[in-house]
Amino acid sequence: MTGVNVERELAELKAKVEATPGTGNKLTMVVFSGSLDRQLAAMIIATGAAAMGMEVVLFFTFWGTAALRDPRKHVNGKNVISKMFGVMLPKGKNALKLSQMHMAGMGTAMLKGLMKKKNVASLDQLFEVAAELAVKIYICEMSMDLMGFRKDEMIDYPNLEVCGVATMLVHARESSLQFFI
Amino acid sequence: MTGVNVERELAELKAKVEATPGTGNKLTMVVFSGSLDRQLAAMIIATGAAAMGMEVVLFFTFWGTAALRDPRKHVNGKNVISKMFGVMLPKGKNALKLSQMHMAGMGTAMLKGLMKKKNVASLDQLFEVAAELAVKIYICEMSMDLMGFRKDEMIDYPNLEVCGVATMLVHARESSLQFFI
Amino acid sequence: MTGVNVERELAELKAKVEATPGTGNKLTMVVFSGSLDRQLAAMIIATGAAAMGMEVVLFFTFWGTAALRDPRKHVNGKNVISKMFGVMLPKGKNALKLSQMHMAGMGTAMLKGLMKKKNVASLDQLFEVAAELAVKIYICEMSMDLMGFRKDEMIDYPNLEVCGVATMLVHARESSLQFFI
(Lines give C-alpha, C1' and ligand atoms only; values in the text may rest on other atoms or scores of the structure.)
Protein backbone atom coordinates (compact mmCIF):
# COMPACT_ATOMS: atom_id res chain seq x y z
CA MET A 1 0.00 0.00 0.00
CA THR A 2 1.49 3.35 -0.99
CA GLY A 3 1.29 6.50 1.15
CA VAL A 4 -1.32 7.98 -1.19
CA ASN A 5 -3.63 5.00 -0.69
CA VAL A 6 -3.26 5.16 3.08
CA GLU A 7 -4.03 8.87 3.04
CA ARG A 8 -7.15 8.33 0.95
CA GLU A 9 -8.37 5.40 3.02
CA LEU A 10 -7.79 7.31 6.24
CA ALA A 11 -9.72 10.31 4.88
CA GLU A 12 -12.58 8.04 3.80
CA LEU A 13 -12.75 6.39 7.20
CA LYS A 14 -12.67 9.80 8.91
CA ALA A 15 -15.59 10.97 6.78
CA LYS A 16 -17.46 7.74 7.53
CA VAL A 17 -16.94 8.18 11.27
CA GLU A 18 -18.18 11.77 11.08
CA ALA A 19 -21.32 10.71 9.22
CA THR A 20 -22.06 7.58 11.30
CA PRO A 21 -25.75 7.56 12.31
CA GLY A 22 -26.53 7.70 16.00
CA THR A 23 -23.32 9.35 17.15
CA GLY A 24 -24.01 13.10 17.22
CA ASN A 25 -23.73 14.90 20.57
CA LYS A 26 -27.45 15.40 20.25
CA LEU A 27 -30.71 14.41 21.93
CA THR A 28 -34.00 14.04 20.04
CA MET A 29 -37.22 13.46 22.00
CA VAL A 30 -40.71 12.72 20.76
CA VAL A 31 -43.06 14.32 23.29
CA PHE A 32 -46.24 12.31 22.69
CA SER A 33 -47.80 12.48 26.13
CA GLY A 34 -49.91 15.42 27.26
CA SER A 35 -49.73 14.67 30.97
CA LEU A 36 -48.03 17.09 33.37
CA ASP A 37 -45.70 14.45 34.79
CA ARG A 38 -44.35 13.24 31.45
CA GLN A 39 -44.03 16.78 30.03
CA LEU A 40 -42.05 17.74 33.16
CA ALA A 41 -39.78 14.72 32.64
CA ALA A 42 -39.27 15.69 28.98
CA MET A 43 -38.39 19.31 29.78
CA ILE A 44 -36.10 18.40 32.72
CA ILE A 45 -34.19 15.96 30.48
CA ALA A 46 -34.15 18.49 27.59
CA THR A 47 -32.80 21.39 29.64
CA GLY A 48 -30.35 19.10 31.47
CA ALA A 49 -28.93 17.81 28.19
CA ALA A 50 -28.73 21.32 26.71
CA ALA A 51 -26.90 22.52 29.85
CA MET A 52 -24.39 19.70 29.26
CA GLY A 53 -23.69 21.08 25.80
CA MET A 54 -25.84 18.67 23.80
CA GLU A 55 -27.91 19.85 20.86
CA VAL A 56 -31.55 19.18 21.81
CA VAL A 57 -34.51 18.72 19.46
CA LEU A 58 -38.08 18.16 20.70
CA PHE A 59 -40.90 16.95 18.50
CA PHE A 60 -44.31 17.53 20.12
CA THR A 61 -46.95 15.21 18.72
CA PHE A 62 -50.49 13.97 19.46
CA TRP A 63 -51.59 14.80 23.05
CA GLY A 64 -48.28 16.62 23.55
CA THR A 65 -49.25 19.36 21.09
CA ALA A 66 -52.04 20.65 23.34
CA ALA A 67 -49.42 21.71 25.89
CA LEU A 68 -47.96 24.17 23.40
CA ARG A 69 -51.17 26.17 23.05
CA ASP A 70 -51.13 29.68 24.45
CA PRO A 71 -54.36 30.16 26.48
CA ARG A 72 -54.29 33.92 25.79
CA LYS A 73 -54.50 33.45 22.03
CA HIS A 74 -57.86 32.96 20.37
CA VAL A 75 -58.43 31.71 16.88
CA ASN A 76 -61.69 32.22 15.05
CA GLY A 77 -63.32 30.35 12.21
CA LYS A 78 -62.74 26.81 13.44
CA ASN A 79 -65.12 24.04 12.46
CA VAL A 80 -67.18 22.10 15.02
CA ILE A 81 -64.80 19.17 15.51
CA SER A 82 -61.77 21.44 15.89
CA LYS A 83 -63.73 23.44 18.47
CA MET A 84 -64.54 20.20 20.34
CA PHE A 85 -60.87 19.19 20.47
CA GLY A 86 -60.04 22.74 21.48
CA VAL A 87 -62.42 22.61 24.44
CA MET A 88 -61.68 19.07 25.57
CA LEU A 89 -57.90 19.11 25.52
CA PRO A 90 -55.89 21.09 28.09
CA LYS A 91 -55.33 24.65 26.91
CA GLY A 92 -51.60 25.05 27.39
CA LYS A 93 -48.98 23.76 29.78
CA ASN A 94 -50.56 25.20 32.92
CA ALA A 95 -53.73 23.20 32.32
CA LEU A 96 -52.03 19.79 32.12
CA LYS A 97 -53.04 17.04 34.54
CA LEU A 98 -51.06 14.27 36.17
CA SER A 99 -51.39 10.89 34.43
CA GLN A 100 -52.41 9.39 37.78
CA MET A 101 -53.32 10.78 41.23
CA HIS A 102 -54.93 13.79 39.52
CA MET A 103 -57.84 13.32 41.95
CA ALA A 104 -60.14 15.99 40.53
CA GLY A 105 -57.26 18.46 40.52
CA MET A 106 -56.14 17.96 44.12
CA GLY A 107 -53.13 15.74 43.33
CA THR A 108 -52.01 18.00 40.48
CA ALA A 109 -52.31 21.10 42.68
CA MET A 110 -50.46 19.32 45.49
CA LEU A 111 -47.54 18.47 43.17
CA LYS A 112 -47.37 22.02 41.85
CA GLY A 113 -47.36 23.35 45.41
CA LEU A 114 -44.59 20.96 46.39
CA MET A 115 -42.53 21.91 43.33
CA LYS A 116 -42.77 25.58 44.30
CA LYS A 117 -41.86 24.88 47.92
CA LYS A 118 -38.89 22.71 46.93
CA ASN A 119 -37.72 25.24 44.34
CA VAL A 120 -38.22 22.80 41.46
CA ALA A 121 -38.67 24.69 38.17
CA SER A 122 -42.25 24.84 36.87
CA LEU A 123 -43.11 23.87 33.30
CA ASP A 124 -43.28 27.59 32.43
CA GLN A 125 -39.78 28.15 33.78
CA LEU A 126 -38.44 25.04 32.05
CA PHE A 127 -39.69 26.34 28.68
CA GLU A 128 -37.92 29.66 29.40
CA VAL A 129 -34.67 27.85 30.21
CA ALA A 130 -35.10 25.69 27.11
CA ALA A 131 -35.46 28.81 24.95
CA GLU A 132 -32.32 30.33 26.49
CA LEU A 133 -30.37 27.11 25.88
CA ALA A 134 -31.57 27.00 22.25
CA VAL A 135 -33.58 23.79 22.62
CA LYS A 136 -35.33 23.41 19.26
CA ILE A 137 -39.08 22.72 19.32
CA TYR A 138 -41.01 21.25 16.41
CA ILE A 139 -44.76 20.56 16.37
CA CYS A 140 -46.13 17.61 14.41
CA GLU A 141 -47.99 18.81 11.33
CA MET A 142 -50.34 15.85 11.16
CA SER A 143 -51.39 16.22 14.81
CA MET A 144 -52.05 19.95 14.35
CA ASP A 145 -54.14 19.18 11.30
CA LEU A 146 -56.13 16.40 13.01
CA MET A 147 -56.87 18.40 16.16
CA GLY A 148 -57.55 21.59 14.25
CA PHE A 149 -54.78 23.52 16.02
CA ARG A 150 -53.18 26.44 14.20
CA LYS A 151 -49.66 27.77 14.52
CA ASP A 152 -50.92 31.22 15.59
CA GLU A 153 -52.52 29.83 18.76
CA MET A 154 -49.25 28.26 19.90
CA ILE A 155 -46.87 29.73 22.50
CA ASP A 156 -44.26 32.31 21.58
CA TYR A 157 -41.04 30.30 21.43
CA PRO A 158 -37.91 31.08 19.40
CA ASN A 159 -38.01 29.40 15.98
CA LEU A 160 -41.01 27.21 16.79
CA GLU A 161 -41.63 25.19 13.63
CA VAL A 162 -44.24 22.81 12.29
CA CYS A 163 -42.87 19.72 10.54
CA GLY A 164 -43.58 16.14 9.51
CA VAL A 165 -42.31 12.85 10.88
CA ALA A 166 -39.42 12.74 8.36
CA THR A 167 -37.81 15.86 9.88
CA MET A 168 -37.99 14.29 13.33
CA LEU A 169 -36.44 11.06 12.02
CA VAL A 170 -33.54 12.90 10.35
CA HIS A 171 -32.72 14.58 13.68
CA ALA A 172 -33.24 11.37 15.68
CA ARG A 173 -31.01 9.30 13.40
CA GLU A 174 -28.18 11.80 13.85
CA SER A 175 -28.60 11.79 17.66
CA SER A 176 -26.68 9.59 20.05
CA LEU A 177 -29.64 9.79 22.41
CA GLN A 178 -33.39 9.52 21.74
CA PHE A 179 -36.47 9.08 23.88
CA PHE A 180 -40.19 8.65 23.18
CA ILE A 181 -42.08 10.20 26.09
CA MET B 1 5.48 2.27 11.80
CA THR B 2 5.84 0.38 8.53
CA GLY B 3 3.32 0.46 5.73
CA VAL B 4 2.18 -3.05 6.59
CA ASN B 5 1.37 -2.03 10.17
CA VAL B 6 -0.55 1.01 9.02
CA GLU B 7 -2.50 -1.14 6.61
CA ARG B 8 -3.38 -3.63 9.34
CA GLU B 9 -4.31 -0.98 11.88
CA LEU B 10 -6.46 0.83 9.34
CA ALA B 11 -8.24 -2.42 8.45
CA GLU B 12 -8.82 -3.16 12.12
CA LEU B 13 -10.24 0.30 12.75
CA LYS B 14 -12.47 -0.01 9.67
CA ALA B 15 -13.85 -3.31 10.97
CA LYS B 16 -14.38 -1.76 14.38
CA VAL B 17 -16.29 1.17 12.90
CA GLU B 18 -18.46 -1.23 10.89
CA ALA B 19 -19.29 -3.26 14.00
CA THR B 20 -19.79 -0.33 16.39
CA PRO B 21 -23.03 -0.81 18.36
CA GLY B 22 -25.74 1.79 17.89
CA THR B 23 -24.70 2.97 14.44
CA GLY B 24 -26.68 0.92 11.93
CA ASN B 25 -29.08 2.75 9.58
CA LYS B 26 -31.80 0.95 11.44
CA LEU B 27 -34.74 1.63 13.75
CA THR B 28 -35.93 -0.83 16.41
CA MET B 29 -39.15 -0.11 18.30
CA VAL B 30 -40.72 -1.93 21.21
CA VAL B 31 -44.48 -1.54 20.78
CA PHE B 32 -45.69 -2.13 24.34
CA SER B 33 -48.83 -0.03 24.34
CA GLY B 34 -52.13 -1.32 23.03
CA SER B 35 -53.82 2.07 22.67
CA LEU B 36 -54.87 3.33 19.24
CA ASP B 37 -52.95 6.60 19.59
CA ARG B 38 -49.60 5.02 20.49
CA GLN B 39 -49.94 2.25 17.90
CA LEU B 40 -50.64 4.92 15.26
CA ALA B 41 -47.51 6.80 16.39
CA ALA B 42 -45.45 3.60 16.16
CA MET B 43 -46.66 2.74 12.66
CA ILE B 44 -46.28 6.31 11.35
CA ILE B 45 -42.69 6.43 12.64
CA ALA B 46 -42.01 2.90 11.31
CA THR B 47 -43.30 3.55 7.80
CA GLY B 48 -41.65 6.99 7.72
CA ALA B 49 -38.27 5.51 8.64
CA ALA B 50 -38.64 2.67 6.13
CA ALA B 51 -39.54 5.18 3.41
CA MET B 52 -36.28 7.02 4.24
CA GLY B 53 -34.35 3.83 3.57
CA MET B 54 -33.87 2.70 7.15
CA GLU B 55 -34.20 -0.96 8.12
CA VAL B 56 -37.12 -1.14 10.56
CA VAL B 57 -37.79 -3.79 13.20
CA LEU B 58 -40.87 -3.78 15.45
CA PHE B 59 -41.22 -5.91 18.56
CA PHE B 60 -44.85 -6.10 19.75
CA THR B 61 -45.10 -6.98 23.42
CA PHE B 62 -47.62 -7.00 26.29
CA TRP B 63 -50.76 -4.94 25.47
CA GLY B 64 -49.33 -4.30 22.01
CA THR B 65 -49.70 -7.95 21.00
CA ALA B 66 -53.51 -7.78 21.14
CA ALA B 67 -53.44 -5.39 18.20
CA LEU B 68 -51.92 -8.07 16.00
CA ARG B 69 -54.85 -10.46 16.43
CA ASP B 70 -56.96 -11.12 13.38
CA PRO B 71 -60.63 -10.87 14.46
CA ARG B 72 -61.65 -13.26 11.65
CA LYS B 73 -59.52 -16.08 13.00
CA HIS B 74 -60.85 -18.32 15.74
CA VAL B 75 -58.81 -20.68 17.85
CA ASN B 76 -60.36 -23.53 19.80
CA GLY B 77 -59.22 -25.42 22.86
CA LYS B 78 -58.12 -22.46 24.97
CA ASN B 79 -58.23 -22.68 28.75
CA VAL B 80 -60.44 -20.40 30.86
CA ILE B 81 -57.84 -17.71 31.61
CA SER B 82 -56.71 -17.48 27.99
CA LYS B 83 -60.37 -17.11 27.00
CA MET B 84 -60.77 -14.29 29.54
CA PHE B 85 -57.79 -12.41 28.13
CA GLY B 86 -59.11 -13.12 24.66
CA VAL B 87 -62.45 -11.53 25.48
CA MET B 88 -61.18 -8.60 27.54
CA LEU B 89 -58.41 -7.35 25.28
CA PRO B 90 -59.17 -5.60 21.98
CA LYS B 91 -59.47 -8.12 19.17
CA GLY B 92 -57.17 -6.65 16.54
CA LYS B 93 -56.12 -3.20 15.46
CA ASN B 94 -59.59 -1.98 14.54
CA ALA B 95 -60.80 -2.54 18.09
CA LEU B 96 -58.11 -0.41 19.78
CA LYS B 97 -59.15 2.52 21.94
CA LEU B 98 -57.55 5.89 22.55
CA SER B 99 -55.51 6.08 25.78
CA GLN B 100 -57.58 9.14 26.76
CA MET B 101 -60.71 10.85 25.43
CA HIS B 102 -62.09 7.44 24.42
CA MET B 103 -65.41 8.56 25.93
CA ALA B 104 -67.31 5.31 25.54
CA GLY B 105 -66.17 5.08 21.93
CA MET B 106 -67.18 8.59 20.83
CA GLY B 107 -63.67 10.09 20.98
CA THR B 108 -62.12 7.12 19.22
CA ALA B 109 -64.77 7.20 16.49
CA MET B 110 -64.32 10.96 16.12
CA LEU B 111 -60.57 10.57 15.62
CA LYS B 112 -61.06 7.79 13.08
CA GLY B 113 -63.57 9.96 11.22
CA LEU B 114 -61.18 12.90 11.22
CA MET B 115 -58.32 10.73 9.96
CA LYS B 116 -60.45 9.57 7.05
CA LYS B 117 -61.56 13.11 6.22
CA LYS B 118 -58.00 14.46 6.37
CA ASN B 119 -56.67 11.53 4.32
CA VAL B 120 -54.47 10.29 7.15
CA ALA B 121 -53.66 6.60 6.72
CA SER B 122 -55.60 4.25 9.03
CA LEU B 123 -53.83 1.62 11.11
CA ASP B 124 -54.90 -1.00 8.53
CA GLN B 125 -53.35 1.02 5.72
CA LEU B 126 -50.18 1.66 7.75
CA PHE B 127 -49.70 -2.10 8.23
CA GLU B 128 -50.10 -2.57 4.47
CA VAL B 129 -47.49 0.11 3.77
CA ALA B 130 -45.21 -1.41 6.40
CA ALA B 131 -45.47 -4.81 4.70
CA GLU B 132 -44.63 -3.25 1.31
CA LEU B 133 -41.61 -1.45 2.81
CA ALA B 134 -40.40 -4.70 4.42
CA VAL B 135 -40.84 -3.50 8.00
CA LYS B 136 -40.08 -6.58 10.09
CA ILE B 137 -42.57 -7.50 12.82
CA TYR B 138 -41.79 -9.75 15.77
CA ILE B 139 -44.24 -10.73 18.53
CA CYS B 140 -42.98 -11.31 22.06
CA GLU B 141 -43.08 -15.00 22.92
CA MET B 142 -43.55 -14.48 26.67
CA SER B 143 -46.52 -12.12 26.15
CA MET B 144 -48.18 -14.56 23.76
CA ASP B 145 -47.69 -17.34 26.28
CA LEU B 146 -49.03 -15.28 29.21
CA MET B 147 -52.11 -14.04 27.37
CA GLY B 148 -52.75 -17.39 25.74
CA PHE B 149 -52.50 -15.98 22.20
CA ARG B 150 -51.44 -18.33 19.43
CA LYS B 151 -49.56 -17.51 16.27
CA ASP B 152 -52.41 -18.84 14.08
CA GLU B 153 -54.82 -16.18 15.39
CA MET B 154 -52.48 -13.36 14.39
CA ILE B 155 -52.77 -11.19 11.26
CA ASP B 156 -51.35 -12.28 7.94
CA TYR B 157 -48.15 -10.29 7.63
CA PRO B 158 -45.02 -11.20 5.64
CA ASN B 159 -42.51 -13.11 7.79
CA LEU B 160 -44.30 -12.42 11.07
CA GLU B 161 -42.19 -14.14 13.72
CA VAL B 162 -42.43 -14.92 17.42
CA CYS B 163 -39.24 -14.29 19.41
CA GLY B 164 -37.81 -13.54 22.83
CA VAL B 165 -36.37 -10.36 24.31
CA ALA B 166 -32.80 -11.32 23.29
CA THR B 167 -33.67 -11.11 19.58
CA MET B 168 -35.15 -7.66 20.11
CA LEU B 169 -32.03 -6.54 21.99
CA VAL B 170 -29.69 -7.77 19.24
CA HIS B 171 -31.63 -5.68 16.71
CA ALA B 172 -31.88 -2.67 19.03
CA ARG B 173 -28.18 -2.67 19.84
CA GLU B 174 -27.33 -2.56 16.15
CA SER B 175 -29.77 0.30 15.52
CA SER B 176 -28.87 3.96 15.56
CA LEU B 177 -32.45 4.71 16.60
CA GLN B 178 -34.69 2.98 19.17
CA PHE B 179 -37.99 3.83 20.82
CA PHE B 180 -40.14 2.19 23.50
CA ILE B 181 -43.75 3.07 22.74
CA MET C 1 2.07 12.38 4.04
CA THR C 2 4.90 10.89 6.08
CA GLY C 3 4.60 7.74 8.16
CA VAL C 4 4.63 9.81 11.36
CA ASN C 5 1.63 11.83 10.23
CA VAL C 6 -0.30 8.71 9.29
CA GLU C 7 0.48 7.20 12.65
CA ARG C 8 -0.73 10.29 14.50
CA GLU C 9 -3.89 10.64 12.40
CA LEU C 10 -4.70 6.98 12.85
CA ALA C 11 -4.23 7.27 16.63
CA GLU C 12 -6.46 10.36 16.70
CA LEU C 13 -9.17 8.62 14.71
CA LYS C 14 -8.94 5.56 16.99
CA ALA C 15 -9.39 7.76 20.05
CA LYS C 16 -12.31 9.51 18.38
CA VAL C 17 -14.01 6.20 17.58
CA GLU C 18 -13.52 5.04 21.18
CA ALA C 19 -15.10 8.23 22.54
CA THR C 20 -17.95 8.46 20.04
CA PRO C 21 -21.24 9.11 21.88
CA GLY C 22 -23.93 6.50 21.57
CA THR C 23 -21.70 3.53 20.83
CA GLY C 24 -20.93 1.87 24.17
CA ASN C 25 -22.06 -1.75 24.66
CA LYS C 26 -24.41 -0.32 27.23
CA LEU C 27 -28.13 0.14 27.90
CA THR C 28 -29.55 3.06 29.90
CA MET C 29 -33.24 3.07 30.80
CA VAL C 30 -35.33 5.74 32.46
CA VAL C 31 -37.98 3.89 34.48
CA PHE C 32 -40.63 6.58 34.83
CA SER C 33 -43.75 4.44 35.04
CA GLY C 34 -44.91 2.90 38.31
CA SER C 35 -47.24 0.33 36.75
CA LEU C 36 -46.56 -3.38 37.17
CA ASP C 37 -46.63 -4.06 33.42
CA ARG C 38 -44.08 -1.40 32.47
CA GLN C 39 -41.79 -2.19 35.41
CA LEU C 40 -41.85 -5.86 34.35
CA ALA C 41 -40.94 -4.82 30.80
CA ALA C 42 -38.07 -2.66 32.11
CA MET C 43 -36.65 -5.44 34.30
CA ILE C 44 -37.01 -8.13 31.62
CA ILE C 45 -35.16 -5.91 29.12
CA ALA C 46 -32.55 -4.97 31.76
CA THR C 47 -31.76 -8.53 32.82
CA GLY C 48 -31.84 -9.74 29.20
CA ALA C 49 -29.32 -7.10 28.15
CA ALA C 50 -27.08 -7.79 31.15
CA ALA C 51 -27.17 -11.52 30.35
CA MET C 52 -25.98 -10.63 26.83
CA GLY C 53 -22.95 -8.91 28.32
CA MET C 54 -24.18 -5.32 28.08
CA GLU C 55 -23.55 -2.86 30.89
CA VAL C 56 -26.99 -1.84 32.18
CA VAL C 57 -27.94 1.36 34.03
CA LEU C 58 -31.48 2.04 35.31
CA PHE C 59 -32.67 5.45 36.46
CA PHE C 60 -35.91 5.22 38.47
CA THR C 61 -37.82 8.49 38.44
CA PHE C 62 -41.27 9.90 39.29
CA TRP C 63 -43.90 7.11 39.73
CA GLY C 64 -41.14 4.56 39.19
CA THR C 65 -39.44 5.46 42.49
CA ALA C 66 -42.36 4.15 44.57
CA ALA C 67 -41.59 0.63 43.34
CA LEU C 68 -38.19 0.76 45.03
CA ARG C 69 -39.63 1.27 48.52
CA ASP C 70 -39.21 -1.58 50.96
CA PRO C 71 -42.59 -2.14 52.69
CA ARG C 72 -40.82 -3.52 55.78
CA LYS C 73 -38.92 -0.29 56.40
CA HIS C 74 -40.58 2.55 58.29
CA VAL C 75 -39.37 6.11 58.44
CA ASN C 76 -40.51 8.52 61.12
CA GLY C 77 -40.69 12.30 61.21
CA LYS C 78 -42.22 12.87 57.78
CA ASN C 79 -44.35 15.94 57.15
CA VAL C 80 -48.02 15.72 56.18
CA ILE C 81 -47.60 15.87 52.40
CA SER C 82 -44.82 13.27 52.41
CA LYS C 83 -47.08 11.03 54.49
CA MET C 84 -49.87 11.53 51.95
CA PHE C 85 -47.62 10.51 49.05
CA GLY C 86 -46.36 7.65 51.20
CA VAL C 87 -49.87 6.33 51.72
CA MET C 88 -51.25 6.95 48.23
CA LEU C 89 -48.43 5.50 46.16
CA PRO C 90 -47.81 1.74 46.00
CA LYS C 91 -45.46 0.66 48.77
CA GLY C 92 -42.89 -1.36 46.88
CA LYS C 93 -42.82 -3.57 43.81
CA ASN C 94 -45.31 -6.12 45.12
CA ALA C 95 -47.98 -3.44 45.46
CA LEU C 96 -47.80 -2.23 41.85
CA LYS C 97 -50.92 -2.33 39.69
CA LEU C 98 -51.40 -2.98 35.99
CA SER C 99 -51.78 0.19 33.91
CA GLN C 100 -55.03 -1.26 32.52
CA MET C 101 -57.21 -4.26 33.36
CA HIS C 102 -56.34 -3.83 37.06
CA MET C 103 -60.05 -4.34 37.79
CA ALA C 104 -59.95 -3.71 41.53
CA GLY C 105 -56.99 -6.05 41.84
CA MET C 106 -58.46 -9.02 39.97
CA GLY C 107 -56.60 -8.44 36.71
CA THR C 108 -53.31 -7.81 38.50
CA ALA C 109 -53.74 -10.95 40.63
CA MET C 110 -54.65 -12.95 37.53
CA LEU C 111 -51.48 -11.85 35.73
CA LYS C 112 -49.33 -12.65 38.75
CA GLY C 113 -50.95 -16.10 39.01
CA LEU C 114 -50.35 -16.72 35.31
CA MET C 115 -46.72 -15.63 35.60
CA LYS C 116 -46.18 -18.12 38.42
CA LYS C 117 -47.91 -20.92 36.52
CA LYS C 118 -45.91 -20.24 33.34
CA ASN C 119 -42.64 -19.95 35.29
CA VAL C 120 -42.15 -16.32 34.28
CA ALA C 121 -39.89 -14.53 36.78
CA SER C 122 -41.69 -12.21 39.21
CA LEU C 123 -40.56 -8.62 39.76
CA ASP C 124 -38.88 -9.74 43.00
CA GLN C 125 -36.94 -12.42 41.16
CA LEU C 126 -36.03 -10.04 38.33
CA PHE C 127 -34.49 -7.61 40.85
CA GLU C 128 -32.49 -10.50 42.32
CA VAL C 129 -31.22 -11.48 38.88
CA ALA C 130 -30.45 -7.84 38.11
CA ALA C 131 -28.36 -7.59 41.28
CA GLU C 132 -26.45 -10.75 40.35
CA LEU C 133 -25.78 -9.42 36.86
CA ALA C 134 -24.55 -6.10 38.29
CA VAL C 135 -27.35 -3.99 36.79
CA LYS C 136 -26.79 -0.53 38.26
CA ILE C 137 -29.80 1.23 39.80
CA TYR C 138 -30.02 4.96 40.41
CA ILE C 139 -32.98 6.77 41.99
CA CYS C 140 -33.84 10.30 40.88
CA GLU C 141 -32.96 12.79 43.60
CA MET C 142 -35.63 15.33 42.61
CA SER C 143 -38.41 12.72 42.65
CA MET C 144 -37.31 11.46 46.09
CA ASP C 145 -37.31 15.02 47.36
CA LEU C 146 -40.74 15.85 45.88
CA MET C 147 -42.43 12.71 47.16
CA GLY C 148 -40.69 12.85 50.52
CA PHE C 149 -39.05 9.43 50.08
CA ARG C 150 -35.81 8.76 51.93
CA LYS C 151 -32.96 6.50 50.89
CA ASP C 152 -33.29 4.46 54.11
CA GLU C 153 -36.81 3.32 53.17
CA MET C 154 -35.64 1.93 49.82
CA ILE C 155 -34.93 -1.73 49.04
CA ASP C 156 -31.58 -3.33 49.81
CA TYR C 157 -29.85 -3.46 46.45
CA PRO C 158 -26.11 -3.48 45.77
CA ASN C 159 -24.73 0.04 45.28
CA LEU C 160 -28.16 1.68 45.03
CA GLU C 161 -27.47 5.39 44.52
CA VAL C 162 -29.43 8.61 44.42
CA CYS C 163 -28.45 10.99 41.59
CA GLY C 164 -29.62 13.85 39.40
CA VAL C 165 -30.66 13.95 35.74
CA ALA C 166 -27.10 14.84 34.62
CA THR C 167 -25.72 11.49 35.83
CA MET C 168 -28.43 9.67 33.90
CA LEU C 169 -27.66 11.70 30.76
CA VAL C 170 -23.92 10.95 30.96
CA HIS C 171 -24.70 7.22 31.06
CA ALA C 172 -27.37 7.47 28.36
CA ARG C 173 -25.12 9.40 25.98
CA GLU C 174 -22.44 6.72 26.25
CA SER C 175 -24.98 3.94 25.62
CA SER C 176 -25.77 2.45 22.24
CA LEU C 177 -29.25 1.66 23.52
CA GLN C 178 -31.66 3.76 25.58
CA PHE C 179 -35.34 3.51 26.48
CA PHE C 180 -37.80 5.69 28.41
CA ILE C 181 -40.35 3.41 30.00
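Just so it is clear, A, B and C label the chains in written order, and each chain counts residues from 1 on its own.
Keep this in mind: contacts are C-beta pairs under 8 Å (C-beta built on N, C-alpha and C of every residue); 3 or more make two chains touch, one makes a residue touch a chain.
All figures in this text were calculated on a predicted structure; none of them were measured in a lab.
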Next on the checklist: Based on which chains touch which, is the overall arrangement a line, ring, star, complete graph, or other?
Outcome noted: complete
Checklist entry - Shared interface numbers for chain A and chain B above half of all numbers used, same, or below, different? => result different
Checklist entry - Considering chain A as a copy of chain C, what rotation angle in degrees (nearest 5) results from a C-alpha superposition of the former onto the latter? => result 120
Next on the checklist: Report the inter-centroid distance (CA atoms only) between chain A and chain B in whole Å.
Outcome noted: 23
Checklist entry - Got the chain B residues that touch at least 2 other chains? => result 3, 6, 10, 13, 17, 20, 22-23, 176, 178-180
Checklist entry - Considering the complex alone, what residue numbers of chain C touch chain A? => result 1-3, 6, 9-10, 13, 16-17, 20-23, 30, 32, 34, 61-63, 81, 84, 88-89, 142, 145-146, 164-166, 168-170, 172-173, 176, 178-180
Next on the checklist: Per the contact definition, I'd like the list of chain A residues that touch chain C in the complex.
Outcome noted: 3, 6-7, 10, 13-14, 17, 20, 22-25, 27, 37-38, 41, 44-45, 48-49, 51-52, 54, 100-101, 107, 110-111, 114-115, 118, 120, 175-181
